[in-house]
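Below you'll find a set of structures to go through.
One chain, subunit A, appears in both complexes that follow, with subunit B as partner in the first and subunit C in the second.
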Partner chain A sequence: MTEPLLKVEGLNVSFTTYGRTRKVLNDVSFTVGAGERVALIGETGSGKSVTAKAIIGTLPKNAVVSSGSIAFAGREVLAMPRGEREALKGTAFSLIMQDPLASFNPVFKIGTHLDDVMRFADKREGKSFSKAERRNRIAAVLRRVQLADTERVMNAYPSELSGGMRQRVLIGLALLHQPKLLIADEPGTALDVTTQDEILNLINQLVVEEKMSLLMITHNLGVVRKVADRVVVMHHGDIVETGPCAEILKHPSQAYTKALLDAVPPLYGPRVLDLPASDKPPIVTIDGLNKIYGRRNGYHAVRDVNLVLKEGEVFGLAGESGSGKTSVARIIMGLSSATSGTISIDAPAPAKGRRLTQIVYQNPGTSLNPKRTVRQTLTLPLKAIGLDGAARLARMNELMDLVRLPQSYLSKYPHELSGGQKQRVAIARALAAEPKILILDEPTAALDVSVQKTVIELLLQLREELGLTYLMISHDLSLMRNFCSRIAIMLRGEIVEDGATTQVFANPTHPYTRALIAAIPVVTDEEERLKPSVSEEERTRFLVKTTD
Partner chain B sequence: MQQHPFVAILTRLGTFVLVMIALSIMIFILARIVPGDPARMALGPAATQDQVDALRGQMGLDQPLVLQYLDYAGKALRGDLGMSLVSQRPVTTDLSQTVPATLELVLVSVVFMFAVAIPLGVLIAHYRDRAVDHLGRLLSLTGVTIPSFLFAITLQLLAARYLSGWPIIGRLDHDLNWTGGPTGFLLLDGLLTGRPDVSLNALQHLILPAFALSMAGIGQITRITRSAMIENQRKDHVLTLKSFGVPERVIIFRYLLKLSSIAPLTIMGLEFASLIGNAFVIEMIFAWGGFASYGLNAILQKDLNAVTAVVLVAGLFFIVANLIVDVLITMIDPRLRRKEAR
Partner chain C sequence: MAEIKMLDASDRGLSGGYMMWYRFSRNPSAVIGTLILLSVVILAVFAPFLTPFPKHVGAVVDFRARHLPPDWTHWFGTDKVGRDIFSRTVFGLRISLLLVIGVLGISVPVGAILGLIAGYFGGWSEKLISGLTNVMLAMPPLVMALAVSNLLEPNLMNAMIAITLLWWTWHARLIYAVSKSIASEDYIEAARLAGAGPIHILFREILPNCIPVLSVKTTLDAAFVILFGATLSFLGFGVKPPIPDLGSMVADGRQFMPDYWWEVLCPGAAVLYTTLGFNLLGDGLRDMFDVES
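Coming up: the complex of A and B.
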């Protein structure tokens, strides 16, 4: 048996913060063979990113590798002198980071980043090239990642490129010195689903062409199926199970892997949940809505949108970033005014302090004030509706019961809560004003899949108990498939398709809808087969260009 | 929508003119509603009421305020800021002799600020939470909290005691036979007219007051630089460069420093106001003979034209300084150059 390219054995890493030591990697062992594509999957805090950092050698200062070995091509990396280890960076293995915008310094040109990385890697290899030579080599690499106008890309500042283009440059950065191993930390997660799909295709293609090995770090099981031959499942710093991709996704042997797979909302198949359509009268009617930001040459964010929300239904507004879905929600909430068009809400005017609509934001980590306890957070809306003293306390306890949190959590601060618990608090805060309509702005996008499942279940129960109407804004179509009774797809401010969720998914008519559905990473081959097909011509017509 | 840089600068200049007009109206009215008759003060207690009234008429003080202002503004646009009651010379002449002195002092202070504060901030950010950092932060806090006149006096005392022969007042030694140069900036004039001895002597005179003046700014900017460096160090792009083996010194001095200079530059623009305010005190202590001491005298003597002119010039300094800061920041940060229409 030949030596694997990367061999991690018995790796133990712990972090020390404020004098307390916490173990984050527990006896982690796995291998990546030459030309093999391995996915490291796990939820937040599973230690997958720490593993990558340990391999590359960018662990933070408070991290300690207490034992274990990392061997690259048979050579022990951890025992290498500093200079030798530095020399591996970018040449033996490269990292593709998750957030393509944050990965570039905003006040330097793209070309400067590329040139510096290349220059210092050359220097470590004892070579020297002129600036013009380096520029030519960089241009060649940029063409490899399908960026044709290399001059423009190199002279651009990071903020001047689209997300997809930045991600391509980031991949190019990793390819500058023909590394043997490509480590990708959630590539494309920060991008739209269609762009992510293209990025994954590109990585797959490059791995084959450049004869590289791939270590893909992800939380998305659909991505795993697309890019991995073998899967390593991690949980709380432990390796739960390892095996061939198809095997693990079809017949997981460990309970944790099974639960993880179960939590993924299916796109097609018997596990799909169909929500019955509401037969009640409309509660929100939107007619000819337009929104233009700015006065002259304004940005037309919403174009002639007509919508009807029926009482008690879950309506999904789907679209990619910049499609105008959040603008529509803000206008319904009264947070921003329409340029033209009417919105009528068919419900009795609310009493003082109460609101017809309330919103639950995407990231509870930022939508809750970190300096206020749960009690303080809930006090404000309850005070506004005139509740005082014992009545307020009783209502607070009631709200906590509603979102299935212990009443003792009232005195906790956000940082003492998990992501899912924080989102429950945010839901309780929204319910405090006794709204009829709840706007859910990607309510689970910042959460792990297993947590997402419980939050979605809670929302469905609340809708039953309180007779709420939901407007859900999201780009996650597989989640919406299982959560919404009706759905509308937005593209560049317009609604291109709408109807009952079952219908839209079974028979999408607009090519953009088909492209969106086709781009969703799915877990099973059956779902992949059931996806609608999109022609190349349609893709170029409706999708944002991510090359140049 | 991309805003043309030229349009952006024109808009800035427009705001700048408006601010100057507003400032001139405010100070013009303020100077005239403060109790005390300038004519009486100029003539002294012995003058008769007739003499005072005559001077008032001559100064136009018997006119309505609006007419007085329009008259003043009209003349000011033609470069005539009126006569100084005290010196009996045109205010512009007085200013041309005093402004360069102050400007030289302030500019050298700014140079000190950046030369000391930015490296210090970078240094203590690098050694965060270590002894160097604690010491540096303590020093910068001292700089911010202790009033500049105390520094000025302390420096004077120390120099007088330990550095014999080191000049502690004035801008230049009298025995140099200096008759004045084209710009009024002694450092520059000395070099332009082939008198390096004058430049050197002027520099010796400058160091103590400029240092005293810059202490508050040094403290402030050190702290801002430190926190900006630390905040930016946590960013993903630093990790990206590190994971490709770009050396740490390059990351710090090239990538982080440029990004982290935006905050201290902005603070510098605002700091300029207190810099001019402090210059009034420092100039008195060091017998500097700049426009700040001129302004102080004018205020005490209720020399209306001189007061108005001094305030306008101080305002001009502040606005121009911030204009320069704005341009610099726009040059550093490309995101500010593309103002989105949204």
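Coming up: the complex of A and C.
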């Protein structure tokens, strides 16, 4: 067997914070062969990103590589002098970063940015080219990432490009110097599903055409199936198991991998959960809702939306960013007013201090005040409904039991809690004043898939115990498939399709729905086969342009 | 609930107080600044017991001892009427600290409250308050302070009033900017939905998040206030003689430069020492809180 391109052996890395040292990588060993596509998969804190940083050499200052070796094409990287190691960046391996907006300086044009990178890399190699030559090379690279109108892209500022286009430019940036190994850190995670799908296709295509190897870092098992030949599963800094992609996804041998696969909401197949439709009367009826932001020629965010929310159901409002789903939810909550249309609520008016609706935000990190303890956070709504003394205390304990958190957590600050625990606190706060309707604004988008599973289970139990009605806003269709009893798909402010979830998924009529479902990364080949087909013409008609 | 334990769990187990102490103890400028300020405060508070000639604060005249250079009895030498400069300098620190407490004690709360109101409510309150601060900031501070203390009688109280009238604008502006960005956070909306009133939101939700910025700014400002106060009394608009003030002591000694250098240098060094303490602590706090200037 020939020498693998990248060989990581017995890598141990530890971090020191606040005078305490802890190991984040434990004897990590794996290889990436020439032309091979390997995925490092794991949840938050598994050490996958640290591994990538150790390879590239961008570990933070408080990290120490205590032992192990990283060999690139047979040469030991860790022993190299600094300059030599720097020279590997871009030429030997390149990194595609996660956030396409944060990677660009907003005051430079794309062309200037690319030109700078190219000029410095040339300088390092002791070559020099004229500006025109560099411009030609940049144009060639941009064409490689399917940005055909290179002139326009080069003269654009980062804010003038769509997220997908920026991600393409980032990939182009990584390709400037024909690297042998492409390291991709969660590419497209910050983008819509349909855009992410196209980005993954592009990476796949480029890896083959440029004869590169790929090291993909991701938390999404569906992405893994799409772009990897071999999978390395990481957990708590350890490698749990390694094997061919199909093998791991079909017959995982380790319990952790099994649990991880189990937590992924299925799109089709026997594991899919069907929620029964509610036969109760409607609680919210929306008729001809329009919302225009700005005065004259404003942005038409919501167009003629009609919607019925029945009591006790889980209604899903699906759509990509900018589709208007959040605007609809905010209008239902009374946080913003409709430009036209009516909302009729068929429920007794809530008592003083209480609200009919409450919301659980997407990111519990920003929806809990970092300077207030759980107790203080929960006291607020209880005080507003006039509870005090022993009654408040009893209700607070009851709420903590409801969201399955120990009562000792009441005195903790948000930074002492994990993401899932924080979201439970946010749910407890929303439930404190006994609302009838809970708006769930992508409640699990910021959480790991296994944590998502527990939070979703909790929400389903709560709905049964308390007889709540949920309005879930999300772009994650596979999650909605298993959580919502009815669903509506929004595109550019309009509802293009709605119906019972089972029906919409079994027989999507609108091409956009089909494109959306088809773009979801799934874990099994079976689900892939069952996805609806979308023609190229439909794709171009309804999806956001990511080329130009 | 088998929630996947995250790796930074060890961080989470740490209390906020421990993390603060850890950062503080590993931050040389915060530690040195604190030590300097501690020594200044102790000297100022216990001045009557720590100084060799506490009576020299008043109108004592001893012409036999005038212009004595520093020695073991008079550590900082004596001035033109034979008073011990060390004793007077230590008592001068009292005046400086009183000035800091007086000025910042009024201008920080006033500025912070106005800033919070402008940042959270927006609308006309925002226009009014930010307009007012802009006008105030456009005036040259020294001229403004001179005008105020000229209108009133020159004494410590009026110097304080003059400086306070200017100083609140800086805090108002800073807190306005910070609270405006905090006001758009999800947790503020969540608090409103939970039934919180504006008073609760301003002082319980937004203000605690402004404390890091506010404490850094206040500490750095203390140094400015001391310098500003010293400038005013140097120009004769501050504390009335014979009460010792660092600024007026420098002004008094100025005419005897360079022969009797200690009369300027020693009170000047005290100003330097104190402002250095505040500046070091302010810088240290900024690093500890990780606040962008």
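Keep in mind that, in the parts below, the second predicted complex is superposed on the first by the 548 of 548 C-alpha atoms of A that agree within 3 Å, B and C clash if a C-alpha of one lies under 4 Å from a C-alpha of the other, contacts with A are read in each partner's own complex, and residues count from 1 in each chain.
Operating definition for what follows: a residue touches a chain if its C-beta (ideal position, glycine included) is under 8 Å from a C-beta of that chain, and two chains touch if they have at least 3 such contacts.
All figures in this text were calculated on a predicted structure; none of them were measured in a lab.
Chemist: So if we stack both complexes on subunit A, do subunit B and subunit C clash, or do they fit?
Modeler: clash
Chemist: Which chain makes contact with more of the residues of subunit A, subunit B or else subunit C?
Modeler: C
Chemist: Counting only touches as set out at the top, which of subunit B and subunit C does A:Ala102 meet: first, second, both, neither?
Modeler: A:Ala102 contacts subunit B only, not subunit C.
Chemist: Check the residue A:Gly90 against both partner chains and state whether it touches subunit B (first), subunit C (second), both, or neither.
Modeler: So A:Gly90 only meets subunit B here.
Chemist: Please indicate which partner A:Arg124 is in contact with in the superposed arrangement: first for subunit B, second for subunit C, both, or neither.
Modeler: First partner only.
Chemist: Is A:Thr454 in contact with subunit B, with subunit C, with both, or with neither (first, second, both, neither)?
Modeler: Once the two structures are laid over each other on A, A:Thr454 reaches subunit C alone.
Chemist: Running through the overlay: 134-142, 152-160, 170-178 or 206-214 are the candidate stretches of subunit C; which one clashes with subunit B?
Modeler: 134-142
Chemist: Please write out, lowest number first, the residues of subunit A touched by both subunit B and subunit C across the two complexes.
Modeler: After superposing on chain A, no subunit A residue contacts both subunit B and subunit C.
Chemist: Could you please specify the touching residues of subunit B with respect to subunit A in the complex?
Modeler: 1, 235-237, 239-247, 250, 254-255, 258-259, 262, 332-335, 338, 341-342
Chemist: In the complex, go through subunit A and note every residue touching subunit C.
Modeler: So the residues of subunit A touching subunit C come out as 17-20, 22, 24, 43-47, 235-237, 259, 333, 335, 353, 355, 358-359, 361, 363, 366-372, 376, 380-381, 383-385, 404, 413, 415-421, 426, 429, 432-433, 448, 450-451, 454.
Chemist: Over in the complex, which subunit A residues touch subunit B? Could you list them?
Modeler: 56, 58, 86-90, 94-95, 97-99, 102-108, 113, 116-117, 120-121, 124, 157, 159-160, 170, 173, 293-294, 296-299
Chemist: Considering the complex alone, what residue numbers of subunit C touch subunit A?
Modeler: 1-14, 16, 18-19, 22, 185-191, 193-196, 200, 204-205, 208-209, 211
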